[in-house]
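Below you'll find the structures, each written out as structure tokens.
Each of the next two complexes has chain A plus one more chain, namely chain B in the first and chain C in the second.
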Partner chain A sequence: MKAKVAMTFVCALFLVPLTSGCWDRREINDIAFVTAAAADITQDNHYRVTIQVPLPGKISDVGQKGGGGGSSGNKAYFLDSTIGDTFRAANAKQQNAMSRQLYFSHMRVFVFGEDLARENIASPIDVMSRIPQNRMTTYLLVSSGPAADLLNAQATMEKTPAEFLRELANESMIHPRTVKRVTEALLAEGQDPIMPVVSWTTTKPGDAGDAQTNLKLNGLAIFQKKKLVAMLSGRAADGVLWAMGEFRRPLITIPAKNGSGFVSVMVTSYHVRTTVKPTQDGRMVCQIQARVTGTLSENTSNLTYERSQNLASLERQASQAVTDDMRIAVDQLQRLHADPIGICNRVYRNYPGYWHRVKHNWRDEFYPNIPVQIDAQVEIRNSGNATSPVGIPEEELQS
Partner chain B sequence: METASSRQIVIMGLCYVFSATLVTWPGQILRLARQDAWIGVPTCALIMLGVLWVVNRTLHAHPGKDLLTLIVEKYGWLGKCLVGAYVLLLALDMGKDLRLGTDFVNVVFLPRTPSILIATLIAATCVFMVRGGIEIVGRMAELYIPLFIVVALCAGLLLIPDLSWQYMQPFFEKGMIRPMVGVWYALTPIGNIMILPMMFSNQHFTFRQSCMAILISCGLLEFVLMICQLNLSSTLAGHLMYPAYEAVREIRLTDFLDRFDLPIVGLWLPTIVIKIGINLYVICTALQRIWPALEARTVVPAVGACIVVFGFWLFHTSVEVVSVNDAWPVLVIVWWIMIPVFACVGLLILARVQQSRLRRPS
Partner chain C sequence: MSGRVLIRRRRRRPTESVRGPEQQGTELDASTPLEIEGGSSYAASCEIPISDHLHDNLTMMLKVFSDCSDLQVRHLCVGHKRDACMLYLSGLVNPADLSEEALRPLIYDFQASDEHVIDWLSPDKIRDEGVLLARVGRADTFRKAIDGIVDGRAALFVDGVSQAVLLSTSGPERRSISEPETESVVRGPREGFTEDLSVNIALLRHKIRTPQLKAHSFTLGTYTKTAVLLVYIEDLADPKVIAEAKRRISSIEIDGVLESGYIEELIEDQPMSPFPQFQYSERPDTIAAQLLEGRFAIFTEGTPFVLIAPVTWWQFVQASEDYYERFFLVYLVRVLRYISLFLALFLPAMYIAVTTYHQDMLPTSLVMSVAAARESIPFPAIIEALIMELTFEALREAGIRLPKAVGQAVSILGALVIGQAAVEAGIVSAPMVIIVAITGIASFTLPRYNAAIAIRLLRFPMMLLAAVLGMFGIVIGVMWISIHLCKLRSFGVPYLSGLAPYKRKEVKDLFFRPPWWKMVFRPSSFAHHNRKRMAERQMPGPDKRSGSRGGAR
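On to the complex of A and B.
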């Protein structure tokens, strides 16, 4: 009995070293939380990786002062950039110059530099999917120009540029482009990825204030699988988002019929249905149908669109505007031989036999020649709190 | 070792089918069977229900005896050889699961902690569990499995807005090849349900309970498979080692409320430990059937230690553990389908011959 007790005691002693903590123990004050990263490609084909780490001690009082960039004393974040053969190699170099261990689990945004995006986006995607510390919910953006610069913008509305970029990415589409969504599109048959473009801008506070650097969404980056082929902006970018059903809070602004001003329709809900079907002559036709519901949110003309007989014509004009946006986008995409809408992916999913016959050169022969029929129907449900243009006297109104 | 209640038996059956399966299996089946992977689970469930029915008839004809006991009693030395073969299969399965669990923890949570230490701690937990008897294993299963199922279902429901239903198509893109591949890979987890008649006699375990165990576990497997397929797409899930875990990481309620992986894995890992524990229990019980003088409780630590060594000796890397699943259905077909069916048909014939001899007038 005594021997058994002694044996148990000895075994318990041997277990003590195992309970002292694991090899992966890390104290929170030894960790540098990376919140945003940017990648560029250098002229000699190396990767320049820039990371942004918020400084917890300064994050609370920096609001009044402004974000700032670089490594000056009042910044709320630390920014570092290194060059390496791979992303991990660059990170390892960064680690050598850091008192804290880099930790990527809270990285919310990753920005591709324009040159890197034109070269290949697949390598960073591999790192972000392979290392469990990274998350596939990280937002992806493309910068217009070098990506490293974006992380140094003042962007004073938020504490750090990383947070500003995260919010921008989140607002860019209904389903913002994350590592998961971009990878899905990269791997899918007959579909190309798409990402929002972010660029520098300067604020215009008037004569009284100083201009600050800021960031803004500036269209869409269109890819052919892993290579950026174009950046669309304006109506073409809006049209792509309409056709994908990804336009977040769209606003349709059209000139009034009598040419005296403009009318804006705020879209409250919409649904886009893209279908493909074969014709009798063996070709494939695509139909994009948008059903849009909105409210009249502004009328700067003297035409009383609020009257029910005029509302129908406004609906027709708005429908035409949406159709035109989509037409411009589809024409551009077919010219670019890029298919972010997934027209060819629908052919693959619904008519796999047909797809296997055309897939060998779908990008150059099949896709650019698909006839795309576009139809948008806008329905205006109300005119807000006004029954006619409010600032215009009754006698000047046109019905 | 004591016995478990009927409910605990059903829950242990569920655990044995899906717990360790959820680690890498969805990625493997989706990589090769793509969008037709879902067909494999119900097809295999039907096959295994047929096998369970035959086994259940046999157990019904021999009340109070589990299949291992029957094989040893009725087939003599040949039966002992067969039980020895089951010990080897279960040892291999246990080594595989131990490596799967260890590698998952190692890759995802503790990359610097030595794998052998993680494996030893898992094995030590199993040893303490099994030394307490099947009742302890059953109670652990009763505690963790229902909770895990509820949490897993909730996680899946939270992902519904992010599911892309077009990922189901195209159906039968390559004819029947991909559905057959799906059946092949689905055999590995669903065939495991045969552990129940190996452990329990018909006093505690009826055909109805085996049906419940197989239907619930297959339902959950199908649910997880569909979530992985519709959330990540079969092409992306096929590129990932742990797609179910990755799908859980996609849950995002608000901007900063998106860390659901830790509580879910906190419930999932114990279920893998329970499965390894069930294997350890059956191995020790089977050894006792071969050598009746052996006391199962006393060999548990030694067997546990051997399996840790066996697991690391056999599988050098996590990739090897996954690769072995490509050929594992062969073992399932032989050990979990053919041997039980032939053994049971033989036992039924023997029982009928004995009955007819007894009825024959002297």
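On to the complex of A and C.
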């Protein structure tokens, strides 16, 4: 009897591979790994979805030796762009023209075209959170101009533009904007999302070389919830990053006294505190305090910064520069009625009762009128290994 | 139809076994030329007493040993008076001993002190005055005399004496004590057991010098009559376990026992388990250590491998050297072994599962290199893995069996064929070669070969499960193995004892070895009483009173 049961069990085991059919089985070489996707909107309100699929045979030296075969062509990646009513519809169309199954788990970057971002970023994000293959850690970027173009840049530094974009996104902020962070910002009260902007450039080394298309970070995309309202760049963008405490490896460059050159301060660490508190007369005041520590990294003036008043004045100048950056940024943001810093979110969290009184029209009435006090203190711990300009004789130095 | 036949056969079996070894012997011996009344002479001789006629005795013995060309018959005259005859098997006794210590005194020196006493040539007399050998026995039946001769003794039949004197000499030369090849150590004793049981037990007695070291003797095998010893320390081993072991060993009925593996398979708790329920060792120090923890050992004549039980799984991940080296190193090594254990069992399965089901589990750059390597491979991952694993197993098997000189050729062939040619030909991907290599190395780090075999076997079902169900399959496999291990018992001791059932004090010796001064108690799974093995608080250090230099002036 026991033997019979055992035999039945063994027979059943043998059936498992046949009946279950390994329904999810897909070999790694039957998969098209999408590493970057871009979304644009067409004139007639359809989505144009562009995906980048690296060709494994091209991208890695492994497996080149034997057997040959695999992917062919010049580029290390395959780019496909289709139009559809929804993302999935566009993807389905792409799938029809593919020998391998599209696979989104390894999508590291998603780029919104400028037009689409001005329209609505919420619906593409819906796809990302709905399909389990997509990851919440995918970096989000906004392109200035059509997003599809970004995926076609040469970006020779990496093997594919996708990788290049991923590294750019990773460098853009201390906490790069991922699907998770943007979704959080979209859902939070009194908070707007923000994303880095990437644009095309051409680099041309001198007159001789061929021009190459490249990609660069170019400021910040400011949103009002799901709609892009402006792209900031330059000092305003820096100021936003300062105020958010998201500035990655900031460098403060300021003119030296007497207009004789410039001084760069490399920031080694900094801390930004944003607080809100109600005043006596029932208004809300915001205070942004930045404590910055840095070292002197370059000095093109003839001033020496060793044990002298110059260092103190340099600290003052640098503090002023950071304060100015933030001031420009906050003024701009208040004018744009967008709050990526989350000032209103802090009101909501700390003074919920107050927030409920003002929240019905916070974006247009409450937020633009909050007085923001900005205070930055730069401390220069180390005046650099070469305190005085190296190339200038000692007697010409001003202390 | 076959069911009925099966049942009938099964019913008949008990009656067969009732007949016992002698009658089975008659069946098998039917072809021997000389028969006495339908049975073999040996079986018939069994309880016939030895007569006092030398001639009759000799005839009987020669009949039994007919066609045994190595039987030596030496006629002699005891004390110049009485005819006698000495029988022995030529290779089993030491002829020099025999002639110097027995023949010479018997022929020349043995005097009939008082001829009026009728019993002047009794076996006792011969033993007391006739021979100079240490071990002298006697036999009153032919059976005993014959057994003595096959056991390597010389039987002396004297005319007029109805008993045979059995003389033991030092025996023939066996393999000398050498370093055990299967368990070599960097630090630790270098002697290993040999094929000689008496040498083996002596080696153990050298380590444990107490009469409490018991060696209960069994003789197994109708034909081989293999001596088997159940060895334990009286105060430490669980009496119930010892009783059970005795019961199991004495219930063995078999024609021959040539290696301890026969006994192992006949007395283990769960014969259908891939996991070993006995540890074996050819190191006296390992056996001594196990006995000191309250286990028992089974010594078998003719093999250097001694069985140890009851065992837990953890023993198979420990080497004897773990207890000789300083504990810091052992900590690292044990962690390494557990990692290796995991890799040896799961790595190929994980690779298959990840590459065919869960590509999202790998970092993008890694998935790209794997994809690139697999680009031109014609087989699915499971087939590829099976090809590689089977080739590797074949190479390993070939390497073990081949003579050493040829073995090198195998490794070169293996390295070239698998390592390079298969990858270059695009039949197998490079990552798979790496996976198989890591798996192989990991399985070699397990110090016990029989445990490594279990892991090696289970790797294949794990790979199939991974190929069919991905990670879920692996999880199912892990659950199956864990349930099986939790269920397994070795002589009543849970196989995962220490962890399941959890014993706080023992867990520390499972995953890393505490320093000796911390291991005050024996594992409670084996030694139930008398558990303390050393004094507490023995952590060494300089004497605080004599200053910081600890006495050294």
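The criterion applied here is as follows: the second predicted complex is superposed on the first by the 365 of 399 C-alpha atoms of A that agree within 3 Å, B and C clash if a C-alpha of one lies under 4 Å from a C-alpha of the other, contacts with A are read in each partner's own complex, and residues count from 1 in each chain.
By definition in this document, a residue touches a chain if its C-beta (ideal position, glycine included) is under 8 Å from a C-beta of that chain, and two chains touch if they have at least 3 such contacts.
Just so you know, these numbers come straight off a predicted model, no measurement behind them.
Of the two partner chains placed by the overlay, only chain C lies in contact with A:Glu27; chain B stays clear of it. Of the two partner chains, chain C is the only one touched by A:Pro54; chain B is not. With both structures placed on the common chain, the touch criterion links A:Glu184 to chain B but leaves chain C unconnected. In the superposition on chain A, contact of A:Ile83 is made with neither chain B nor chain C.
Considering which of chain B and chain C touches more of chain A, the answer is C.
Contacts of A:Ser129 after superposition: chain B is touched, whereas chain C is not reached. The intersection of chain A residues touching chain B with those touching chain C, taken from the two complexes, comprises 22, 24, 135.
Listed in rising order, the residues of chain A touching chain B in the complex are 18, 22-24, 129, 132, 135-137, 170, 180, 183-184, 187-188, 346, 348-350, 352.
Contacts from chain B toward chain A in the complex involve residues 107-114, 117, 121, 166, 169-170, 173, 232-233, 235-236, 239-240, 246, 249-250, 252, 255, 258. For chain C in complex with chain A, the touching residues are 355-357, 359-360, 364, 367-377, 380-381, 423-426, 429-430, 464, 467-470. Interface of chain A with chain C (complex): residues 16-17, 20, 22, 24-29, 31, 33, 35, 54, 56-57, 59-71, 103, 105-106, 108, 133, 135.
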